[in-house]
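See structure below.
To keep things simple, chains are lettered A, B, C and D as they appear, and every chain counts its residues starting from 1.
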Amino acid sequence: MNKLLITTLSILALSSTGALAEDKLPLKELPGIADRDYWVPGEVNADGKLEALQAVVGAEGVPFTGSQDKPVEIALIYPSADTSDFWARNFLAMTKRLEELGIKYNTTEFASRQIEHSLQSTYANQVLQDGDIYDYVIFGPSELAIQADNIDKLSGEDSFKTYVWAFHTPLKDLKNQPDVWFDFSSAAGALVMCDYMLERLGNGVTMAMNRGIPGITDNQRSGDFKDCVMEKGDWKVAYEHYGEYQREGGFEGTSLILQAYPEATIIHNANTAMAMGSVEAQVSVGKEKEIFSTGWGGTGLELDAIRRGELDATPMRMGDDVGAATAEAIKADLEDRSGELPLVFLGRITVAHDQMGAEELDALQQEAFRFSGVGALER
Amino acid sequence: MTTTTHHPGNPVKFSERIEPFLAIIGPMVMILAILLFMGVAEPARYFRLSNLNLILLDAALYMPMAMAMTFVITQRGIDLSIGSVAALTSILMAFLIKQFGFSAPVAITIALVLGALCGLINGLVITKFKVPDLIGTLAMDLVYRGLALVIAKGLVLARFPEILTDIGRGQIPGFIPVPVVIGLLTMALGYWLLKRTFFGRYTVAIGSNPEAAEMTGIAVDRYKIYAYVLMGAAAALAGVMLTGKLNAIQATSAPYFNLHVIAAVVVGGTSLFGGRASMLGSLAGVLLLSMMINALVTLRIEFFWQSVASGVVIVSSVALYTWLQKKDRDGAKGLIAGLTTPESLKLLRLSGGLIAALALLLLIGSLLAGNPVASG
Amino acid sequence: MPTGENNSGPLVSMRSITKRFGGVTALSIVDLDAYAGEVLAIVGDNGAGKSTLIKILTGVYQPTEGEIYVGGGKLVMNSHSDAIAEGIDAVYQTLALADHLDPASNMFLGNELTRSFLGITVLDNKRMREETERVLFERLGVRLRSLDVPTASLSGGQRQAVAIARAVYHEGLRVLVMDEPTAALGPQETARTLKLIMALKAQGLAVILISHSLDDVFEVADRVHVQRRGKCAGVVQVSQSSQQEVLGLIVGAEEAA
Amino acid sequence: MQSLESNALEPTKAEIQGLSIRGKLLRFLPVYGLVILTIILILLFSILLPTTFPTLLNLRAIISDKAIIALLSLGAMIPMAAGRIDLTVGYGIVLWHILAISLQTLFGIPWPLAVVIVLMLGAMTGFFNGLLVEVAKIDSFIATLGTGTVLYAIALWHTGGRQMVGVLPDGFYALSTTFVFGLPITGYYLIAITVFMWLVLEYTPIGRYLYAIGANQRAAQLNGIPTRKYVIGAFMASGTMTALAGVLLASKLRIGQASVGLEFLLPALVGAFLGSTTIKPGRVNVWGTVVGVAILAVGISGIQQFGGSFWVEPLFNGVTLLIAIGIAGYAQRRKGAVKK
């Protein structure tokens, strides 16, 4: 029983020392900082660090020069059980890059379903308890706010490094920041997309949207995009459907839009599944050529749809960046260069569209999935 | 004639003496199996104080609900709405605290009362509308979940006063976590309710023989409603504990509470056909499920085995109990003997036929198979 | 001849009882008298109105027309508990036992003994157990091997004893209705149950016995009330009648005087 | 758990004859209440949304969207008729739609064979459920929950978080995407299966026996009905229907992944439960189930056209179910009151 007390106290002590390292945040302030309970990447990344890591990730891997007496132990806690192959790809990209870098590793996966917050919490506790086993813990929160305390707890542990996947907004009130956040910024993607759409389609257009589930992700993918095109291009939004990121939802929403809001010539979809449902609904009534529809993420399915001429544009993530960057971070850490890492890493995003040639699209896809492989996943 | 506690005649049979404990044999055997297995496979990590703490912490969340569900199921009822009740009440509590500045104890109390109210509605729907429990609570599950979504949308409410996180994950130094204390207290309360109060006695009577209960003048509907009210309050308490544990809550939280809790209770020997209640069994059931998940995680086994294991454990412990009972009733007939009846032989032949047909189809399929077209 | 008929008036009288369910008439103008210290058997075919009659007597149904008198006073009962309060109780064929509860819990079901614990009223399981043991032995001469087992594990006769004990525990019990008490029992258990009935009769209760078995009826009953098609087909003294005569009344071969 | 009692209360001919017009109306209202409500909803939405609701497009959308749920509902109602519940309809469809694709992409099995294999697997799962329920005597809720979790786990293991994608033969896609007389072919499957099930359940001994088992298994047994055989058969039928729904889902989605399908469980059960409140109130029935799914489809589609949000669906499902069972319960009490 005493041992427990001591552990409790020591965790408390550790967390207070851990906090010191992050005292310097934010590095600089961006508009709206007071209204946010999180920092945006620009506020916490020292100049040049993000770009430097992006460059390393985009280039050929430089092999690890140091020596390992045993493989690094990596625990992955993420909600991969029922989502698209996003997590599987990250995993593959990381492991392939580690192999490319010549780093020996072992992985243990703790997977759950997206809505099983409680189970993920259980996993986090158990990994924490087995902290002596692991060198790196990669945590993909089921939902940022809900898992905030677990991020805090894991980050407070000294015996391993903590990397967070799929989020890029460091929460202000974490006592302990993880070592790096790895993600794509939907907000950045929304701006890239906004610029492209305004340039391509001009001003004053009417759009309808298949949004996801209200929340931070949808606010960025759909909300930021909507705000941008309405403000910069004077666009109108006829209707917003919440398709819950489900294919069915996209189909339903699009069927609805096609008949109830025929004035909308553009349909925005907040993820691949909804985009596929949307395209299918359009094809079923032969309207896929009239409607300019967009997806999100530039996954293989979306690119196929673009090749078929059904989908028209999509902000495309260089999908394997997150996994590869994680491998690079591990390498940097092993080489005692972790000081060079940004606090938030963002993967690269460009727009893939129907005016690109087949080769251009192929090259883009090749680059995006250079580790996990274009097409169906083999694991 | 004086009363004596000495009984003449034959001594009490062994099977009669273990009868009250028969219900928890199932989960106990399974727990023992896990302990033995882990004792060989990973003793150092599994058997340590911090891990016991984790197991208990995980189980604590389900204890209040398993307690109340024991009553509901014993009365031949079922409640599928508990996850939504937990989500709805804790969302409301969170709003009261975060948006309206209510003090946490007040908000928590309100949540519990709201939970009881949800339970009351369930009970009224079932007893007054004469809706079967399964359908009634399924409908209410959808309604409560819908309301929670209406209120909170996709919002996550996080960062609550300390009292709440204490309830959810606080640790009494040198002792077990606060939620475990709460959970065990509710279990003890349940045991007391079951054995010492009208409510408990009538719960068993109603489940055992509803007509008899009615005839002896028991207000069957009222006691059914009591069980659902208790269930609602317990679900709300679990919601509060979950909110505290995660220090955050969302309308979609607590998705699989109902199935997990029902499984724990049934594994613990409480019968879905009513009348047979075992509070100790429910506690054992909750612990068993938590220990199993913990063991699989400790062994670093791939996650889908959790699903398989819980499915297998649920079915096999219920099957074990049914078999024990049947054996008791029909005399000890071996499993093999049971398989050789003409009826079973027919079934065996049918399953053999199905498997053979499937094998044949797969064979034909592989003969006809072209190259796999795996690329997209 | 141990009927109380000569000593005093009937303990309970039903007069001109009629009961209709919607358009169906289940009972039409039936009279019934039961005396203390007497066993009255009610016999008749299925659907003759036997169980409707006793359900009215025990307050489960209310008669459409007709009155019930107890000890000379008119009685209006709205529920079974009203009947119990008047000293009329029944042991049903199904025994109305909660099989998962132990015998003591069953005996006191709906009528539990309590005690106060820190100001909270709780069940007094210990006292209920002792009382059960006492009542079973003193009034029915039955000893159970264990009082801690579920009632389901008792034999048919023992279960019957528990059900009867529940009825006779009530101090004011005057009329006990028994619905097919021997239907599901073997010969040995039947003999024991008939002995129980005789014991109750000796204790001065009016016992009303519904049975299909004329052998049983002629063994314990003093009088037989025959129901046929919702009407009383006749009441005969066992000592002055035969099974043939009663059988005739049941099937309607001869109309009673 | 007496959750699925069967106590039909449709009016008998004799009962109807003696009633006034008002009496007849009162008597029929609970029987056709849901149908009437559906029609009212359609009319209401058509008046309020004249340009968008009563359109062929919307009909297509509803049919192609809900036909699979209707199939699942019909599958689930077969064991329900026999007083059992089958939760594997929700878990099964996850695995079956994945297998329908992966058997082709990973193992190169021609699509018609892949379909047959999936259907066989569905039947086998049903058979296994039947064994658990009838031979091992495990309550159907727990038994099918158990097998369901295992099926789902297999789906997770088989996919490992991946999506099953691949270029599949057009014939396979045609299973769900063909249009006949302007409407999706899935709608015609649904009609065919509905009519077939209706004939079997209402006009053959099989249906009689199933309902008899549902009403009182003991009595059915005593009357010489081989209850074990029929219950196992009911689960096999439901398993096969689930597999069929899975195949159609695969053909429609063209992707198999473990995150799809589980959300069908509740709507499917709700549809079957709703069905038990109409046409033949008091017991699950074929046309009632179709009406049940239809009213949910119409209601949700209409409300969403008004700009309802993602929370509409659970709330509408729940409230409709409540109202419908409320009406049925009311009718039951009226009937009960007459009896006493």
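Here is the rule we go by: a contact is a pair of C-beta atoms (placed from the backbone, for glycine too) under 8 Å apart; a residue touches a chain by one contact, two chains touch by 3 or more.
Fair warning: this is a prediction, and the values are worked out from it, not measured in the lab.
**Student:** Would you indicate which pair of chains has the most C-beta pairs in contact?
**Tutor:** Top of the contact-pair ranking: B-D.
**Student:** Based on Cα centres, what is the most central chain?
**Tutor:** Of all chains shown, the one whose C-alpha centre lies nearest the global C-alpha mean is B.
**Student:** What's the chain with its C-alpha centre farthest out from chain C?
**Tutor:** A
**Student:** With chain centres defined as C-alpha means, what is the inter-centre distance between chain C and chain D in Å?
**Tutor:** Result: the chain centres lie 50 Å from each other.
**Student:** On a C-alpha centroid basis, what's the spacing between chain B and chain C, in Å?
**Tutor:** Here chain B and chain C have centroids separated by 43 Å.
**Student:** Express in whole angstrom the distance between the two chain centres, defined as the mean CA positions of chain B and chain D.
**Tutor:** Centre separation, chain B to chain D: 27 Å.
**Student:** What whole-number Å value describes the gap between the mean CA coordinates of chain A and chain B?
**Tutor:** Those two chain centres are 36 Å apart.
**Student:** Would you pick out the residues of chain B that each touch at least 2 other chains?
**Tutor:** Those would be 153, 302-304, 374-376.
**Student:** Please set out, as single numbers or ranges, the residues of chain D touching at least two other chains.
**Tutor:** 105, 156, 165-166, 310
**Student:** Taking the touch rule as given, give the residues of chain A at its contact with chain B in the complex, in rising order.
**Tutor:** Listed in rising order, the residues are 1-5, 7-8, 81, 108-112, 115-119, 121-123, 125-126, 129-130, 143-149, 173, 213-215, 218, 300-301, 304, 375-376, 378.
**Student:** Okay, in this complex, where on chain C does chain B touch?
**Tutor:** Against chain B, the touching part of chain C is residues 60, 79-81, 84, 92, 94-101, 105, 109-112, 122-123, 125, 130, 133-134, 137-138, 143-146, 148-150, 153.
**Student:** In their complex, what parts of chain B are in touch with chain D?
**Tutor:** 73, 76-78, 125, 129-136, 138-147, 149-150, 153, 259, 262-263, 266, 272-274, 302-308, 310-312, 314-315, 318-319, 322-323, 326, 343-344, 347, 350-351, 354-355, 357-358, 361-362, 364-366, 368-376
**Student:** Across the complex, what residues on chain B touch chain A?
**Tutor:** Those in contact with chain A are residues 45, 49-51, 53-54, 57-58, 61, 153-159, 171, 173-175, 242, 245-250, 252-256, 293-294, 297-298, 300, 302-304, 374-376.
**Student:** Using the touch definition from the top, list the residues of chain D that touch chain B in their complex.
**Tutor:** It is residues 1-5, 85, 103-110, 113-114, 116-117, 120-121, 123-124, 127, 131-132, 135-139, 141-143, 145-150, 152-154, 156-157, 165-168, 228, 232, 266, 269-270, 273, 310-319, 321-322, 325-326, 329-330, 332-333 of chain D that touch chain B.
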